[in-house]
Structure formats: structure tokens, C-alpha cells
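Shared between the two complexes below is chain A, which pairs with chain B and chain C, respectively.
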Partner chain A sequence: MSQVLVNGVFLGCLFAVVAVGLTLVYGVMEVPNFAHAGVIVLSAYTTWSASAAGLPFALAALAGIACGALVSVLTEVLAYRWIIDRPAAAPAVALGLMLILQNVALRLYGGEGRSLDTPYDRVLLRLGGVSLSGVKAALVVLAVVSLLALHLLLSRTSLGRAMRAVAQDREAAAILGIPMRRQYALAFLIAGVLGGVAAIAYAPTFQVSPYMADEVLLSAFVVVVLGGLGSVWGAVAGGLVLGVVEGLGSAYLSPAYQSAFGFLLLVSILVLRPGGLRSTNARRVA
Partner chain B sequence: MRAHVTALGGAVGLSVLAYLLLTGLSGDQGQVALLVVVWTIALIGLNLIQGLGGYPNLAHAAFFGGGAYLSAVLLDTGLPMTVAALLAVAGVMAAGLVVALVFSRTRGQYFAIGTMFFTAVATLVFTNAADLTGGPNGRPVALGYSLEATVVLLAASVGVGLALFHWASVSRFGDRLRAIRADEDLAQHVGVPTSRVKLLAMVCSAGAAAWAGVLFGQYNGVVAPSQFTFGQSFLMFVALGLGGAGRLLGPAVGAAVVIGLTQLLTLGPGVSQIVLGVLFILVTLLAPEGVLGGVSALARRVRAARTGRADRSVRGEGAVA
Partner chain C sequence: MRSRSAAALVAAAVLTATTACGSPSGSPDSDVVKVGAILSLSGIYATLGPAQKNALQMGVEELNRTGFTVGGRKRTLEISYADDRSDAATTGVTALRELVQSQKVPVIAYGLGSDTYVPQLQRQPVPMVNMLDSSYPGILGLSDHLFLTRGASPTYVPGCLYYAKRKLGTTSISVITAKGEPYGEGLTQLVTKSAQAEGVRIAANSEFPLSSTDYSNAISAAVAAKPDAVYLSSVTAVILPVLKQLRQSGYTGPVIHSAGVNPNQAKAILGAQYDSIMKDNYDCAGTLPTTSQDPAAQAFAKDYQQRYDEYPQDLTMWAHDFPFIVAAAMTKADTVSDPAKIEQALKEIDVPQGTVSGWLPGDGGRLFTDRNARTASEVTAWCPGQDTLRSAMVFDVKDDAVVDPTFPQETCG
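Now for the complex of A and B:
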């Protein structure tokens, strides 16, 4: 049982890191960023090719994160920026970007899965009856560290305050003289960094392939709905809840249907609590 | 009146064209023709909820696959083909009703996320319920209609579907859907029964997708989960947006562009989809009403330049073309 819970927490941390990136972008720009999956895939491939070229893992990981940040900001500058006044076009642009990014990865690296080796591959932590592989432990640590850093950024710095202001009310923030374009780019930068962290942290547990992020992205969107919009801590809480639910479902019912349990959770939340688990009053979900 | 004649003429013309393509082409080209025709039928349904209603529906591939798989499973139980087809369509429409009941509480982007997740779960079921669906490699579909009958049904469905869509589009139902797309809160406020209209649009849309799936299974002879993933849902969404959402011929143009790009261009893996993504973003940015919308806007401008005045009355015709 506790082993199942630990696995659920691992999944939850992964979902939370991806979902926080989505919710930040949604908060400031109202874009459902399907292209986030492509950002994750490209940073995972960058890490893989850098470490295959002989770079030490830490440098390769940094290269991956930098690539994620760069690609994410590029999607904003080249595409999302131009539809800021037409939110109805956002899903279409996001889907187009996802097609482009995933197939760029497919084109550059081919379709077969690659395995990403890390220095902590063979570590196995044991505590009582619970075991946790080094890769999964590293993901949990990375997730906690990056989310704490984000929390400090959002709550303690003027940049973070400006970003929260934009998320609460775009027009009022613009009137108060907050440079909007910089905030948009910054949100995508942070989302890209978090996507890169997610990519290097979880690519070693699965494999690197153009479609590696599809299911994670789906789950992360469920987390965004669960946690309420634009709410970072809602996304963290939602991530943990969803991770534990999927972990329990796949352990006790059927592993093949793991993401279906997330879907059931989404449906029941929509039916029972249309505002999300921890709804923010800033925006209407349904 | 002229608009009706033009629309029905277009429907009959496309029907004949579909028949000629399906009977005239063979091999790989025949497969492309089949996909274009099947997608046109499915997209006519999507054009109701997404085109007229403005709801980004990413569950369409699941309904499409549901029709194909259900009819195949029902055929195995010994039912006559027509009964199996009708039951399959009815079953998928019931599923569409459930999806609509749950997700019509959500708007816009949340509707897209929820329906996308529905497709992902449907693909999981197609892949894992191996005793019914044959698992990841798919299953054969027993021949219920002869090939000639399937071809005639495919061609006829295009025409009938377009005629039905035109009828729905000019009826009060179409106006209500357009009102929802423009401003759902306002529509509700002035007395449009928004939830009922959305449910009806979603169920009809699911029915068209299921019927397309039934015919696809019959013609193709084999169905596999990889044909009904949420990637396919994306492509259907993209196709309708490219062609012109809410326009009568949008589905046909969109299906031809998307299938043509993904099946005919052999630029190596992924390249055609990159082209498609770029094209889709450009169309979204530059011609929000799709290729047909862009063409009719251009025609309008040319005509206005020729007559020397901006003629606003041609807008009505533009919506039909």
C-alpha cells in the first residue's frame, strides 16, 4: 500500500511540474498550451543527444532545460502573441504548434525510442518496505526544488507580483504600466524551464520518443482543471491527488487503463464541482 | 431560393464526384479517395457542433472509431448488416449524449481538453479490450455490404449529409448554434435553450462520425486503434478549420487538403504534418474563416472593386459557398 502511495506521489510530482507550466501560461494568456508536449519532447531529445555526444549528464540536462525554455518562448513570440485578442483561435494555434514540434522531433531523431542514461540509474533507495529508484527520487527532488523556486519568484519578487497581477486582470495590469509582452514571454520562459525539468526528470523512467509527453500532457490538463485556473498551488494539490488516484487505480484495478482513472476523476469533478477542487475567483472554468 | 439551389447542386455534384473517384481510382489512390470521402462525411457532422456551434470537439475520432468497431462486433453476432449499422450508430449517439451531458458544462478550451481525454480513453479501450477489438493490431471487419453497395452508400452519404447540413444550417437550429458561438451567455439570456441545442448538435455530430466509421470499416475490411487516436481527432479539427468551419463545403475542402497532404506527399516521416501545422497556423492567423472563407472574402473584394462599392448583401451568399 505505501509502495503504491509512493508511486502515486512520484506521478503526482511529474503532473504538478507540467501542470504548473500550463496553468501559468493559461493564467496570463488564456492559451491551452498543447504545444507544451512538444517542448518537453524537444528538451528530452536535446538532453539525450548532448549526453550521447559525451557531455556530462549535468551539462546535458542544462542544455535540455535551455532548449525547452527557448522553444517555449519561440512559440509565444512566433505564434501565440498574434492571437492575444482572439482567444477562440488559441486551441487551433496550440494544436498546430504541437503538430509542428512533435514532427520536428520525429524528423530530427526518428521514431524509435531512445533510452536516456543518468548517473543515478542504478541507485535504489529503500526505506522500510518501500523502494524508490534513484530516477524517481531525483524527479521528486527536482519537482519540489523547482516548485519552491517558482513560489519564491511569484511571491517575493516584483516580477512575480507583476505576473500575478496580469493573471488576475490583464487590462488593469496594463493600465498600471506593467509591460505585458515581457510578462507573456516570462510566463512561457518559466513554463519552458519547468517542461525541461519534467523532461530530464522523467525521460529516464520511460524512453525518449516524439510521443512521450502525450499522456503526461493529458493528465496535466486534468490537473489544471482539478486545481482551478491560474492557481499554482491548486495545480500542485491537483497533481498529487491525480497521481495517487492513477497510482491506486493502476495497482489495484488495471495498469493498462492508468490514464482512464484520471478521466473518471475529471468527469466526476466536472459533474460534482464544476469550479474545480480549489477554484480561484479570478476566472470561470465552466 | 438561389442559395438553396446552389447548395443542393453542390451536394449532388460532390456526391457524383465522390462516386466517380471511388470507382475510378484504385490502389493507393483509391485508398486516398476513400479517406477523403469518409472524412467528408465525418466532418459534416463535426461542422454542426464545431463549425456552427463553435465548440472545439476533439472526441470525433473516438465516435468515428466507435462506429467502425461497434458495427464489426455486432456483425460477428450474426445480425444483418443494416441492423448492425443502425445499432452501432445509435450506440455511438448514446455515447455522444453522455459526453455532451458531462462536457457541455465546460466552455471552449475546457471542452477541447475534456473531449480530447475522452478520445484518449476510447483509444485505450480499443487497444486493451482485445477479445472484442483484436487489441493493438486491430481486427478484420466481416463483409456486410457488397463493395458496390458500400461505394454507392459512401457517395450518397456525402450528398445526403450536405443537404441535411444545409437544411440544419438555415433552420432555427442553425441560427441558435450560431448564436451560441457568438455569445453563449447572451444567447441564453435572450431565450435560446443552449444546453438542449448543444446536446442535439453533439449527438447528431457523433451519429455522422459513427456512420462514416461503419462505412470505413466496410470498405477497408480491417480496423485498428491507431486509426482512431486523439492525433486523428486533432487532424479532423484542423481539417475543418482549414476548410472553413461552418461553411457547407468546408468539410470536403478540409478533408481533401489534410488527407492529400498526409497521404500523397511523400516527403519523409513527419514533414507533411509539419507543413500541415504551419499551414493551419497561417490560415488561423490570416484567414480565420478557413480557405473557403478567405476565397469568398477575396471574391467579395474583387467584386466590390469592380462595381466600385462595398456590397454588403453578398455576405449571405458567402456563408453558403
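Now for the complex of A and C:
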């Protein structure tokens, strides 16, 4: 049981980091940012390339995160910005961007999986009958640190307050003089950084490939809806709930239907609380 | 007036382009014979397609050095490649239609997705030679136009359990399966059957969804049963990440599979720790060119390694031989363009000259028996610290039982 919960918490942290990036962008711009999968892929490949070129893992990871931030901002500047007044076009544009980014990776690096090595690959933490590999422990730590940093940014800084204002009421925020474009870019920048963190933390447990983030993105969207669209803490709670539910379902029913348990949970939550775990009438980033 | 001229020019250009795209690239009786190959060059099966393409290219070049004679004329072979992106149901089917309907190729080599190609084969029959898919139940029952150039899973899986019991002392085994992946699901059925026959207990049978990227739950269930060994059921690109997480979870016992992992793939997918992760790793499948006793296979292995700086898997031998098989069939059929005659000839040819796989001839020396050509099977073991595999057992299977097993000396060096 303890091992199942630990596995669930690991999965939940992964889902939460990816989902928070998605919900942040949705809260500010109302875009279902499927391109986030492409951002994660390019971050992972950048880290892998830098690492293969001989850079220490920490520097390679920073390069990967920087790449994630840059690519994410570019998607906003080059694509989403131009359809802000046409929200119906957003899903199609987002899907198109995802395909473009994944195919860029495919073109540059080929379709074969690559391993991202870390200095803690051989670490194995054991406590009683519970074990957690170093790479998974690192993901949990990175998720907690980055989400705490995001919380501080959103709640304690003027940038964060401005972002929350845009999320609550875009028109009112513009009237108050908040520079909207900067807020959009900032939301994508933060989402990109979180995508980069997810990439460097998650790739060592799996492999780097052009389609490595598809499944995680799908689960992250489940988490976003579970938590309440636009709610950062809803996404964190949703991620952990989804991870643990998938873990328990796998352990006590069948691991073959791990993803199905998540969707079952989603349907149940939508029936009982249509707005998600932290439902609200307004869009928000908090 | 100017706009009319422009319109006429555009119309002419479109017509020319359409005509060019719609017609086959060579005439039906050209000296350069074009055949097709649908391979997984990207996606989750991308560990397979590029190696097959490399070997096909080698085979074509070797064949074309002397050419082959059909209708009294010397011919050379050319392959039109298509990438199914590991998605035979959509991309692969589109590629098949393009090859058959537009390029009008008379025979096609391919890897995966047999069932998805059957409707198209019913509409427009063409012989398709599979160089990879040993899944169980076999593909040959799907269509009379399919040929298989390798031993199916039942010809090598029993060897896994036979070897594990006698050489590793395995009395219980946990099986981890990629749910929704046909090859893996077939392997699991066969492992279960073979384990019963050998008296090896299945300690746990856990599964994970094919699309999954975290296998913690399946691994926990498999390891918690405290098995003597773990069997991983799926293809290389799927089982290597599972193997990595299995070792990361602290499991150090023997791992058995039938994926055909080579050292290059192990390095690429497992990273710097590949050698320790691959330790105590056993792979049962077709004989490898590197471990084969056949001089032709050994020479091919050497050439392949020199040319591509890559360890040749078993599937490279089979892909290398495809051009020779096609040439022999076309020569026997005395046509380079009639799919029906070429298909009939495939059933009648002997093991062709120039092939390197060490085909086991059927009745009367024929290559195919019931549309299946096969080689011997083998268990290979990873050689720690040496980036290579050694042959641990060569065998054949008859009536679900291992026959004629031989245990080569430890030859990691």
C-alpha cells in the first residue's frame, strides 16, 4: 500500500507540474495549449544534446529549461497572439503547433529514443518496504520547489498580481493599465519553464523521443479539468489525486487500465462538481 | 489576355504534375525493377525500421552487382521506401495504397501492421513479404498474400523457459506485458504455456498500457511476487524503458525477453548505465548474424558493422535477403510486374543464392513452407563490459518443445 501511494505521489507531481503550465496559460489567455507537449520535447532534447556535448548535467538542465521558456514564448508571439480574439481557432492552432514542434524534434534528432543520464541515476532511496529511485525522488523535489516558487511569484509580486488580475477580468485589467501582451508572454514564459522542469525531471525516468509527452499531456489536461480550469492549486490537487487514483486502481484492479481510472475519476468529478475541485465563476490564476 | 495565358500555363503545370504523380515511376517492363518497402522509420518501433532499411540497401547493392535475369534481360532492383511512423493503421495503409495504386509495385516488404493491410490486399492483391512480425497468433492466417521471412514466436519462446530453468535455475517467473501491443500479448500467452510445460511457476502477471511512460505499478506488482526471473513482453523500444525503471526500482535478478535488443540500442535508450542495466539479460529470438556459425551470416555481420557502425540484429539478415528472394521469384515467374505470378513463384522457389540468413529449407529445398521461411532460434546473453552478446543456446522447436539444443562455450571475448 505504501509503495502504491509513493508511486501515485510521483505520478501526481509529474502531472501537477505539466498541468500547472497548462492551466496558467488557460487562465490568462483561454488557450488549450497542446503545444506544451512540443515544448517539453524540445526542452528534453536540448538537455540531452547539451549533456551529450559534455556539459555537466546541471548546466544542460538549465539550457533545457531556457529552451522550454524560449519556445513557449515563441508560440505565444508567433501564433496565439494573433488569434486572441478568435478563441474558436485556438484548439486547432494549438494542435498544429504541437505537431510542428514534435516534427522539428523528429527532423533534428530522428525517431529513436535517447537516454538522458543524471548524476543520481544509481541512487535508490529505501524506507522500510518502500523504495523510490533517485530520478523519481528528484522529480518530486523539483515539482515541489517549482510550484512553491510559482506560488510566491503569483501571491507576493506585482507581476503575479497583474497576472491574476488579467485572469480574473481581461478588459478591466487593460483599463487599469496592465500591459496585456507582457502578461501573455509572461504566462507562456512561466509555462515554458515548468515544461522544461518537467522535461529534465521526467525524461531520465523514461526516454527522450518526439512523442514522449503525449500521454503525460493527456493526463495533465484531465488534471486541469479536475482541478478547475485556470486554477493553479486546483491543478496541484488534481495532479496528486489523479496520480494516487491511478496508482490504487493499478494495484488493486489492473495496471493495464491505469489511464482509464483517470478518465473514470474525471467523469465522476464532472458529474458531482462540474466546475472541478476548485470551481469558480471567474477565470483565475491562483 | 495575359490572365488567360497565365491560367493556361497554370492548368498545363497542374496537368503535368498530376500526370507525373499519378503514373508509375518505371514502365512495367523496365530494366530497373521497383518494389516497395513500408518500414517503421520513426515512432515507437523506430528501433526496427532504420536497421531494416540499411540492410535492404546492402542487399540491393549486392544483388545489383550482378543483376538478375527475367525475360532474357538483365535487371536491377530498386526499393521505394515508405515510413509508416509506427502507425500502420493510418500512415502505413496510405503508404500501401500509394505503392500499389500509384507506383504499381509488384511486391512489398514490410514490418508491422499486417491486419490493417488486409482490406487493401483484398481490393488489389499484391504479395507482401514480412521481415519482422513473429507475433502470436501468426499473421499468415490473415491473408493468402502475406509471406513471413522469420520464425514465428512459437519457434523461440519455449527456448526462453527451457534455458531459464536449466541454466539459470529459474523456478518462478514474473511477466510484465505491454497491454495493447500484439507482439507482447502473444509472447505472454506463449510464456505462460511454456512455463506450464517446463513446470516453472508464474509468480505474477502484470500489465501496463502501451502508451504509458511510467511503469511503477506494473513493476511493483511483478517484483513483489519475488520471482527468480522477470520476463518482459514487448518490442525493444517498449521494453528498454521498462527494463531501466525495473533496475532503478532495485531489482537485480535475471531479465528475459524476446525483443532483439542490440548494444547500440541499449546505449541509446538506457544511457550511461546501460552495461549494468543489461547485466543478467537474456534474449531469445532468431539467430543473430554475429553469433551465427554460418560464414555468410558472419561476413554480412562484419560488413554491416563496418558500414553502419551498428550491431546487426537478426532482422537485418532477413531484410538483407529480401532483394534476393524477390529476384528469385521474378526469375521463376518470368515477370517483373505481375503480382499474381510473382506470388505463386514465391511459394515455389528454393533458398536463393546470395542470402545470408541460414534459412532452414522446407520440403524439396523450398524457402517457404506454408508461406513461412525461417531460421534457427537462439538465446543470447549480454556480455558485461564488452558491449556485445554471446550465444547461450541454439535450438529448434517442434510440437511446442525445444529440440536439438546446443550450448556454445562462453564466448564473450
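Note that in this section the second predicted complex is superposed on the first by the 282 of 286 C-alpha atoms of A that agree within 3 Å, B and C clash if a C-alpha of one lies under 4 Å from a C-alpha of the other, contacts with A are read in each partner's own complex, and residues count from 1 in each chain.
To be clear about the criterion, a residue touches a chain if its C-beta (ideal position, glycine included) is under 8 Å from a C-beta of that chain, and two chains touch if they have at least 3 such contacts.
Since the structure is predicted, the reported quantities are computational estimates derived from the model, not experimental observations.
Visitor: Following the overlay on chain A, give me a clash-or-fit verdict for chain B and chain C.
Guide: clash
Visitor: In the overlaid three-chain picture, which partner chain does A:146 touch, first (chain B) or second (chain C), both, or neither?
Guide: neither
Visitor: With the two structures laid over each other on chain A, which partner does A:231 touch: chain B (first), chain C (second), both, or neither?
Guide: After superposition on chain A, A:231 lies in contact with neither partner.
Visitor: State whether A:215 touches chain B only (first), chain C only (second), both chains, or neither.
Guide: Both partners, chain B and chain C.
Visitor: Applying the touch criterion given at the start, work out whether A:259 contacts chain B, chain C, both or neither, answering first, second, both or neither.
Guide: both
Visitor: Applying the document's definition of touch, where does A:106 land relative to chain B and chain C: first, second, both, or neither?
Guide: Touch partners of A:106: chain B and chain C.
Visitor: Who does A:271 touch here: chain B (first), chain C (second), both, or neither?
Guide: A:271 sits against chain B, while chain C stays out of touch.
Visitor: Touching A:46 in the superposition: chain B (first), chain C (second), both, neither?
Guide: After superposition on chain A, A:46 lies in contact with neither partner.
Visitor: Looking at the overlay, what does A:114 touch: chain B (first), chain C (second), both, or neither?
Guide: It touches chain C, and chain B stays clear.
Visitor: Please indicate which partner A:10 is in contact with in the superposed arrangement: first for chain B, second for chain C, both, or neither.
Guide: second
Visitor: Of the candidate stretches 58-66, 94-102, 202-210 or 382-390, which in chain C collides with chain B after aligning the structures?
Guide: 94-102
Visitor: Would you tell me the residues on chain A in contact with chain B in one complex that are also in contact with chain C in the other?
Guide: On chain A, the overlap between the chain B and chain C contacts is residues 106, 110-111, 210, 214-215, 254, 256-257, 259.
Visitor: For chain A, which residues are in contact with chain C within the complex?
Guide: Chain A reaches chain C through residues 3-4, 7, 10-11, 14, 106, 110-117, 121-122, 124, 126, 131, 133-136, 202, 205-207, 209-212, 214-216, 246-247, 250-251, 254-259.
Visitor: Which residues, counting only chain B, touch chain A once they are in their complex?
Guide: Touch residues, chain B against chain A: 54, 56, 102-103, 105-110, 112-114, 116-118, 120-121, 124-125, 127-128, 230, 234, 237-238, 241, 268-271, 273-274, 276-278, 280-281, 284-285, 288.
Visitor: If we count contacts the way the header does, which residues on chain A are in touch with chain B in the complex?
Guide: 30, 32, 79, 82-83, 86-93, 95-100, 102-104, 106-107, 110-111, 210, 214-215, 218, 221-222, 224-225, 254, 256-257, 259-260, 262-263, 266-267, 270-271, 274, 284-286
Visitor: With touch defined as at the start, can you tell me which chain C residues reach chain A in the complex?
Guide: Residue list for chain C touching chain A: 41-44, 46-47, 50, 85-86, 179-180, 206-209, 211-214, 216-218, 220-221, 224, 237, 240-241, 244-245, 248-250, 265, 267-274, 276.
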